[in-house]
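If you scroll down you'll find the structure; I have some questions about it.
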Amino acid sequence: MEEKGWEPRIVAFVCNWCTYAGADLAGTSRLEYRPEVRIIKLPCTGRIDPLFIIKAFEKGADGVLVSGCHPGDCHYTSGNYHARRRWIVFRELLKFAGIDLRRVHFSWVSASEALKWRDLINEVIETVRSAGPFEAYRRLNP
Amino acid sequence: MIIKRNDLKRLVEDLIGQGKRVIAPIMRMGLVEYGEIGSFDDITWDYINPRNSFKEFLFPQTEAIARYRIGKKDVELEGVIPELRETIVLGSRPCDAASTASLRSVFTWGAEEDPSRFRDDFYLMREGVTTVMTIACLKGDEDCFCTTVGLTPESPEGSDILLKETVRGNFAVTPVTERGKAFVEEWRDYITDEREDLKEIEYPEVLEGIDTGKIGARLSDVDVFDDPVWQEVARKCIGCGACTFSCPTCHCFDIVDEATGYEGERRKNWDACQFEYFTLHASGHNPRDTQFKRWRNRFLCKFHIYPTKFTSTGCVGCGRCIRVCPVALDIREVMEWLSR
Amino acid sequence: MARIGVFVCQCGNNIASTVDTQKVAEEMKKIPGVVYTQDYKFMCSAVGQELLKKVVKEHRLDGIVVAACSPHMHEKTFRKACEAAGLNPYRCEIANIREQCSWVHHDKTKKTGTLKSTDLTRMTIERLKKNKPLKTINIPLKKKALVIGGGIAGIQAALDIAESGYEVILVEKEPSIGGHMAQLSETFPTMDCSQCILTPKMVELSMHEKVRLLTYSEVEKVEGYIGNFRVQIRKKAKSVIEDLCTGCGECIEKCPFKADSEFEVMKGHKRKVIYVPFPQAVPNIPVIDREHCPKFLKDKCGICAKVCGPKAIDYSQQDEIITEEVGAIVVATGYDLMPVESFGEYGYGRIKDVVSGLYFERLASASGPTGGEIRRPSDGKVPETVVFIQCVGSRDPKRGVPYCSKICCMYSAKHTMLYKHKVHHGQAYVFYMDIRSGGKRYDEFVRRAIEEEGAVYLRGRVSSVYERDGKVIVEGADTLSGTQVEIEADMVVLATAIVPRKGAKELAQRLGISYDTYGFYNESHPKLRPVETNTAGIFLAGTCQGPMDIPDSVAQGSAAASKVISLFSREDLVREPILAEVDERVCNACWDCYYACPYSAIEQHPLKGRDGSIVRWVARVNEGACQGCGVCVAACRSKAIDLKGYTDEQVYAAINALV
Amino acid sequence: MDREKKLREKARELLESKEVDLVIGYGWTRYGKRVAPVFITRPEDVDRLIWNPMCVNNLTLYITRKYPDVKAMGRPAVVVKGCDAKTVNVLIQEGQLKREDVVLLGIPCEGVVYRQELYDGEVTKENVSPKCVVCDVKNPPLYDHLIGEKVEEGSGFEGARNIYQEIEELDKKPEGERWAFWMEHFERCIRCYACRQICPLCYCERCIAEKNMPQWIDTSAHGRGNVAWNLKRAMDLAGRCVFCGECERACPVNIPLNLINQKLSMVVEESFNHRPGYESEGHPPLIVYSLEDREDFIR
């Protein structure tokens, strides 16, 4: 399945206040991690719609990461709690539809967790790589 | 001329072997539907009328009609020539076959008299490579009403070749069109000149209360257009596209662009006049803003607009819209009302 | 087509060492709608900003992407520069190619960094194409504050706000303001008398022309948003007409019935049924405790009404609901002490001479029931030996709370001193886990208790407390000497944990502010926004936020006040336009957004026909309350609501530009 | 039939007393032998109302915002089976309906057929609707008038198709097989939106599928568009779907939508202890949250 020289393409939907800041800190701390991730910043994980994830797969993502503030840390008090609920259901839906959950990742990364961010990205990329290119989704294209 | 069942099998296998596309009734997900077969044995013989008409093989539900690339200055357009495979539709029904004329009427509207007018090449190209081998119905079900709209279970209209089942389970072959004749010539070896008795064909009852001529005339009356009965008959209509997408003569489509990055496709997709947004204007105004108006339009399209504009009929009596409707809206009830 | 300019910053070598910025700029030139690209050494420098402005004007650009450091660094800088060049600031976007690219991918060949920077910048350009110009919005502001809670933090906040010339309403649940501080004897580390420093403030507050004091009152309902809150306050029936009462005290004097005193803590200590909680109460107006007054229970007595000269007693008085409009709210609702009955080993409730710290405060207080003499509850004897046990409930995740209550180390030290000053020959013992005495002159204070006042500090936990021959025996470990100790004490004082006020969560829900797992209110940022809540316009002061001592509470009161004052110093509120917006044509009025919104920023709005009848309902966003989180957008099934600045179109465009 | 008679009597009474202007019930169609929704406005027409196991439609569809024409007819009474009645609770929860705006003619039901054409005088384990096999609301949980006596709860369709069992079996398969299973179905989707149109809870003024700028869901009936549509449809019904089964019944290409809807119902019940339609208080579970929601999958 795995093509030679293929690197996975991962889209990360992250909240502005915690994970985005955590990723910034990883930068200021000059931590090194794998480059195959493209971040899309949103104000809050509560803004993230399941449609974003579907669309990312449609547009060629092999894996998706959604990340925000730890419970209790949400800049908007409860956005991450709302998000968590949606993910519980959406993740089960994807699983039931037969999507390999190695492609769908959720995490809490705070503004101070630069190390966690680095490790997370490396791990997510590795996991998605083990799942291979998302050909099954690509085949849905006419 | 007779083609024995075994020879029909050989014929089909040979066609498939030549890389041709053979469309025939098959069983999928508990439903009989037209689909491409991989072998003769895929064919289901026990059917009245498949859930879909074979129009989707002439006029696909979705197809790319152009590709584009958004460039620095312009949009670069590239035409799409559909991938054409010679196609044989085996086992279509006379009602469906008759509908091809209706589709052609729309897709070549006025072009015969005036060549500068638009012809839908996508349709015509596909039609040009398609041979329709109809098998006459032995009987209909309670929703079949071809006889009420002027067709019969053995009408040849629209078929290239009409097959009728014999008492021995073989088929009597009648070429209808030039294409059909050529096809029969080509495969003459498989066809014998024997004669066999045909199985009896049971015609669906002609519904006495319905007179299509009268319907057409009444629909020209503006007062009928505003008759409150429309609201009554269509009140339960849920506005889905099940009837139009099953209908062999419905032909409406929508054009959409689907792009990824800077490249995209322009696609032609089936559309249904029953959808609320079908007639929504950019201004926000919707001339058919409630469901009965949309349903009325569908009816008018079949029994007024079609007969007025074309010689072909808008309804072939296949009964699919009745079978598929989730709220059992029966077009015949309205036909009856308008025949009074 | 768009006219977009792209600047790729080298950030000296910070970006340029792993990203070929020139190549990125060239690549961007190929994108439709991009008419100008350039890489530059330092975009954020004055020269860089001037360059940006110049290019915007010269090339008549309608959008700018700066590929540089994190937007958290310089988004404002570049948006300002755009604005100065006549471009709407929200038509400027930042592609983060430093923190999230050049600094984390160390490929010296620049291949990795260049590729990723190209992608990130392209995604940003496509997003920018969908950016609508936005305008900051102005919201009117009601310059009146509500302070909830009349303890020292609330008093301080209210006074500071009032002193700045703004009106303040202070709501206090009890019949008097003063809070816990009014119950204390003397305060560490200065040992001033608590009442002496508090009472003048209470009086000052009550006399202040800008302050409206609502005691015996509670906040029932809060609606609205920063600058424009609508608050309903329940003024409980005092059964005394405040305007008529002179505070002479005749009614209290003559009242024949008694009930337990809340103020005195001590079991069995009674107050009258018509009462002021303590003599220095502000306002000095009694209330009738209807739960215990026979007039209300069986319609008997009525003496107070008979003896009242000014005829201020009104048995028929009803609770009154007052509606007030305020622009800001300071929450200063204080704390409770953990009930320690569950700590069986300390014998509280079982042994009379085991008391709480607050009880000891009352014992030591000159205005307390013993007139400041230390006498034990069981027989009124002066205790010769007193054991103070710290961390009762605090730092005890299993049975109590995991946090440190912060004030107990200090007040236990104070208690040993108070005790020693009053009972010179007495001996104080303190069982402690750690001494936490950070704070100005705090550690010196504890040292004084040990070194000068002779308190014996034992590091270890108490295993059991029991009675023997009229003594209270305390058994515990001294972990420093590694021995078991047994102390024959006359009295034991427990330093019980600070816990959130009963009903704290309910109030938080009414206010729409968040609280932690214990029920303490959450500050917006523990360091940088210590008195703000996440709900704009609502501020915190004092122990409702977590354990703290008087100086901290007062400082917080002042801090919260200063936030209110700075808010009120503006003509109106200026808000970033990152707000939700409803497409009313397609709103279903299912109210998913209404219920999901953390800020109650969605309003149910009727759309009316020409005849004034309601045609249908739609959601509408209150721009003052909306904080731009976008929870509503994801909640909306039909996407009838969108978030300006982070619209679906912008997100879609970014995703679509992945490849 | 006794119930049918009682239903007609009650309808006549309501119409005569002008308590309602309209009774939405079931009636025969002119041709064929189908049962369809009927709208009765005159007491003399109540004999058109029928009740039998072919009465599968969820008629609460017609009291949603999708039917302004029906609304214009005045105050309705609606014939509801137990499953249909649950819809009313969700509609109330979502502000789409006030309880007092509708009169519910609750009709105890012992099972309806999956598709009308399968009915041959008796509901059997072969032709029964899958919702009836696992039904726990034979007697409507809410109604204004109960038509006839209550029936005993519990299912008697041993050996019939069991949705929950099918879900369990599907769950056990490797994901690749599940993907293949669903793709085979989704690729057949013709985007007629019968599933949406028949669903009383798909009442959006503008469906997300009709939204362009941006077009989240491709309108083309290709795999990509169909998967997006079917996932989004399922997601938006999660925690709301009352299992009236209408979407699957309406689907012209037999996509087993009950499976996907009920799978998510199971997830919602397990995760949030919520079963839609049993009460009108509270909110749909996906717009609220609990601090205790599980997050074992979040890193």
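Order of writing sets the chain letters: A, B, C and D. Residues in each chain are counted from 1.
Following the convention adopted for this analysis, a contact is a pair of C-beta atoms (placed from the backbone, for glycine too) under 8 Å apart; a residue touches a chain by one contact, two chains touch by 3 or more.
Keep in mind the model is a prediction, meaning the values are calculated, not measured.
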Most distant chain from chain C by Cα centroid: B
Comparison of A-B and B-C by number of C-beta pairs in contact, larger one: B-C
For chain A paired with chain B, centre-to-centre distance based on mean C-alpha positions, whole Å: 46
Chain B-chain C separation of Cα centroids, rounded to whole Å: 70
Cα-centroid distance, chain B relative to chain D, in whole angstrom: 31
Numbers and ranges of chain D residues touching at least 2 other chains: 206, 208, 216, 218, 220, 222, 286-288, 291
Residues of chain C whose C-beta touches two or more other chains: 517, 585, 596, 635, 648, 652, 656, 658-659
Touching two or more other chains - residue numbers and ranges from chain A: 55, 58-60, 78, 82, 86, 142
Overall pattern in which the protein chains touch one another (line/ring/star/complete/other): complete
For the chain D and chain C complex, residues of the former touching the latter: 65, 94-96, 203-208, 211, 213-214, 216, 236, 283-284, 286-288, 291
Chain B-facing residues of chain A, complex: 58-60, 142
Complex contacts: residues of chain C adjacent to chain B: 30-32, 585, 656-659
Chain A residues touching chain D - in the complex, by the definition given at the top: 50-51, 54-55, 58, 71, 78, 81-82, 84-101, 105-108, 120, 136-137, 139-142
Chain B to chain C touching residues, read off their complex: 70-72, 259-262, 284
